[in-house]
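Following this line, the structures themselves.
Two complexes come next, and they have one chain in common, chain A, joined by chain B in the first and chain C in the second.
Then we have the complex of A and B:
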């Protein structure tokens, strides 16, 4: 009697979110995969027949270059964010508690501003008439004709600017829990500081590193606005192509096919992880656990 | 003990890197010169021009409607979800947790794309209504996770005491859970407001004619409009987000 009452209560409070996400998240996502196998009619709607034609553009050298560029920029962003984020997390974790909080606020607050505004701010700085360009020309670091905007470098810079705080957060929360006496012990035993940093500190914050990789690499793969605003035709990423197919060409199956590729990029790594974990059976801390805090 | 100064110096450089673009932008909103490189004297003309732009005002209204409605709905649904996840440990809840989690980690463009196709397929005209549905969808997960985190340090002895004293069902919920969870609910609401105010990509995919929100308006101004007006708009927007950020900070600090 009691068990059945709890069950109805559970169903009752779970139903709204479960149903909502089923209807507006899971079904639409499956729909993307389904529509990628449809044909398009001349009016930009979804046609009746099924075909693989939307995938035809994928078997193409320029698309391959685009995918490789997307992966390359995402990896570069992740590597740069980690190599800056880890020392920053280390420095912050070693400060006094009061300072730690203030520094954390200084890291977070700029990112409470609108995403577009932040990218726009970089557009002003990198503008040909902007002061950075003038300064770099003045100290003869770049020629007058060089452009700081609309290239891969600008996209990478703004990607790092956007995702660095998301890397610092999990790295810091892992470093904060790290026992720094271990480093002192290692030093007393004759280990050099670089060596103990690599051998003791980095493994100690591995959970933070895994989360940082996830929160930087995954969104970077799907980024659209950054290359759209500071990139040029030679620095487009997968996200731009999806938006182009949907809004410019109005070819929904093609847009869906590209999105399906992106979905696969998200489904395959966790699946591999799951298989590895199932075979190893040594799951202790999932990276998701850190993200949820 | 000798410590390398390098990590600390790098931290300072990173903070300058984070703040510099935003400070430059704010300065430029008062700059009479059209381009940011030279200071042309102090002016308020960009603000003046901003306030006389009717498109901006319509987008502010749309943003307010979207934010208020989607926050209200997602707060109710998300809190219930957080509650269910905390209370029950069944297989069903594991699936539920997955449904809550995946929207947090996939890129916005996928959610935007899938919602667009869904609305087109079921022939719902795009507009404010579809934007709101989209915003509720991504806000639910964030609210649920926030509430779930708060519930983890929830003191159940109080609930047990109330039960022993005869409180049941609705009374228990209204008199015990709601007051204890208010800080968490407020934090969830603030998070949902900031996310909804800030969202561009999902809105971009689900918007129809005449339903521009403020981020969409900012986008079209950056693409086709007069830059200094955006500086003014950005500065005001910044002030608003700072204000919300401070309130959020206060709330979460009080709770901890």
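Then we have the complex of A and C:
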């Protein structure tokens, strides 16, 4: 009785946010999927009838390269953000409370400046006449002809810069709850400090790692401003292609088709995970189920 | 084997706090040795130094003849049972216990065999595949012990292992710990603030206060012949009297003049001379109370007084009897409580008496230690500066006094 009442209360409380998601997320997403099956007229409007022609673009070697590059850059971004974020989270969680708050502030401060302005700042830093380039040339680390801007490296650098705070936040909040005596216990039982870190600390903050991956990998896949501003023609990502189809070519179905593929890329991996977990659970419970029958 | 685990002049400071001050201690092989003291006395720091989680500022730790002071925790043949158990939450009970042997690189078969042995020892085969969050506090405790013991340490360190358990479970785990010790026979170093735990489990106890060791001895030695007012007041309850030696006798006894009472006779193994100032301690249960005057005896101290307060605790009653300026705490065990005597009541006139050998001369005395005593909450101010009852104002700070926990 009591439980069901709480459930209805919970449903009532969550209704507004569900309604919001339905209205401004689910319905637009479905519209995008729908439009991807439409045709376009020369004026950029949606034409009559349905067609798969928007998807024909996908069967193309240059598109495959684009997708692979997008995935590669996203994976690199995620891996680099994790490998910087996890040690940072560990160090922050071990600090005095007062210092933890100060560091938190340092992580958050970049958000006070507009995203576009921060990317422009990177353009200035990486510019051929910029300080960094001149310095690297001066210490003879790069030749005069090298370019720090408008390539994949620049895109990756700014991607990591942009998403690192998003990775640190969930990692820190998981590390902060971690019981550090477990590391002492592991060392007490003969495990070296590095091994304890891998075997005890990483599983201990697994929730944080999973959400860090989610908040870095998924937005990185869809990013478009960063490659647009610091990337060159050879470092385009899927997001640029979508923007190009919509703004330049004014072909909404083609842009929608690419978006649909991107959505599928987000949805399919967690879906597979969910299915695997479900089947595991049922197979675990099945002997009990048989017994109870 | 003596001197199995030796601490030599160990010191450790955190920031400006000296947690451990120049401690030297020797622990024998196979014994259960307790570090007993109030919180902040440095007992846990000493244990952490021993486990290798802290490096001492000065001094050495020697285990079985080898200096282990600089060794990291993973290289020491000691294992720890943590107060919070520190079981790995993402592993099953079996994997928790197998952690040590796995790290040591033993074969799968060996590990399985050893883990099964440990599960036998702690009788938890049925729970082996559960996660730590799915078992009870007492079971977690046992898993923590098994996880440490499977590595066959030379010394097992236990950091307040029973503190998180309720009273009944604590009593049962005490017996279980003792059985496990009998079975494995390794040295246990047991940290606790609970004197009952220490007394019932240990072969020897080191009583600690403010970073140093007050006294080391068997539970009997510590209780019956405390050297300092701290030990006397922290282990159980006691009465302090102070006075001056007026006469010594050949049979190791001395006459002491206590202001406000007169002369008492006391055991004198400290060979004090006439004129020496002295503090003595008398345990509450060693003072006899009667409504008629006891027979005169040279070795018996007899005083008359009035019952000022009493607390019935089931097995015994605690009385506070005023005699002159002094307030005596005494404890009377109930043998035939309601059958053959009418219990003393408030304001009854009574006789209290104790044997000369039951009062013990202290080597060290600090007035502050009287705050550890349990005294009734009496409003009126009592004259006489040295009287124990003059400390009544500190009653509120005695919440953690050991004698109170005994109830």
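Side notes on the structure shown:
The rule is simple: the second predicted complex is superposed on the first by the 256 of 293 C-alpha atoms of A that agree within 3 Å, B and C clash if a C-alpha of one lies under 4 Å from a C-alpha of the other, contacts with A are read in each partner's own complex, and residues count from 1 in each chain.
Here is the rule we go by: a contact is a pair of C-beta atoms (placed from the backbone, for glycine too) under 8 Å apart; a residue touches a chain by one contact, two chains touch by 3 or more.
What you see is a predicted model, and the numbers here were worked out from it, not measured in a lab.
With the two structures aligned on chain A, chain B fits next to chain C without clashing. When the two complexes are overlaid on their common chain A, residue A:204 makes contact with chain C while staying clear of chain B. With both structures placed on the common chain, the touch criterion links A:224 to chain B but leaves chain C unconnected.
With both structures placed on the common chain, the touch criterion links A:75 to neither chain B nor chain C. In the superposed three-chain model, the partner touching more residues of chain A is B, compared with the other of chain B and chain C.
By the touch criterion defined above, A:104 lies against neither chain B nor chain C after alignment on the C-alpha atoms of chain A. By the document's definition of touching, both partners, chain B and chain C, reach A:184.
Touch criterion met: A:242 reaches chain B, while chain C stays clear of it. Once the two complexes are laid over each other on the shared chain, residue contacts for A:142 go to neither chain B nor chain C. For the pair chain B and chain C, the least inter-chain C-alpha distance in the overlaid model is 5 Å. Comparing which residues of chain A touch chain B with which touch chain C, the overlap comprises 184, 193.
Residues 6, 10, 13-14, 16-18, 20-22, 24-29, 31-32, 35, 45-46, 84, 87-88, 90-92, 94, 103, 105-118, 120-125, 127, 129-131, 134, 161, 164-165, 168, 184, 193, 214, 218-219, 221-225, 229, 239, 242-243, 246, 252, 255-256, 259, 262-263, 266, 288, 291-293 of chain A are the ones touching chain B in the complex. If you check the complex, the residues on chain A that touch chain C are 179, 181-182, 184-193, 195, 200, 203-204, 206. Remark: chain C residues 51-53, 72-74, 78-80, 82, 84, 86-90, 99-100, 103-104, 147-148, 151 touch chain A in the complex. Residue ranges of chain B in contact with chain A, taken from their complex: 1, 3-4, 6-8, 10-11, 14-15, 17-22, 24-25, 28, 35-37, 76-78, 80-81, 83-84, 87-88, 90, 92-93, 96, 99-111, 113-118, 120-121, 133-134, 136-137, 140-141, 144-145, 148-149, 194, 197-198, 200-201, 205, 215, 218-219, 222, 227, 230, 234, 237-238, 241-242, 244-245, 249.
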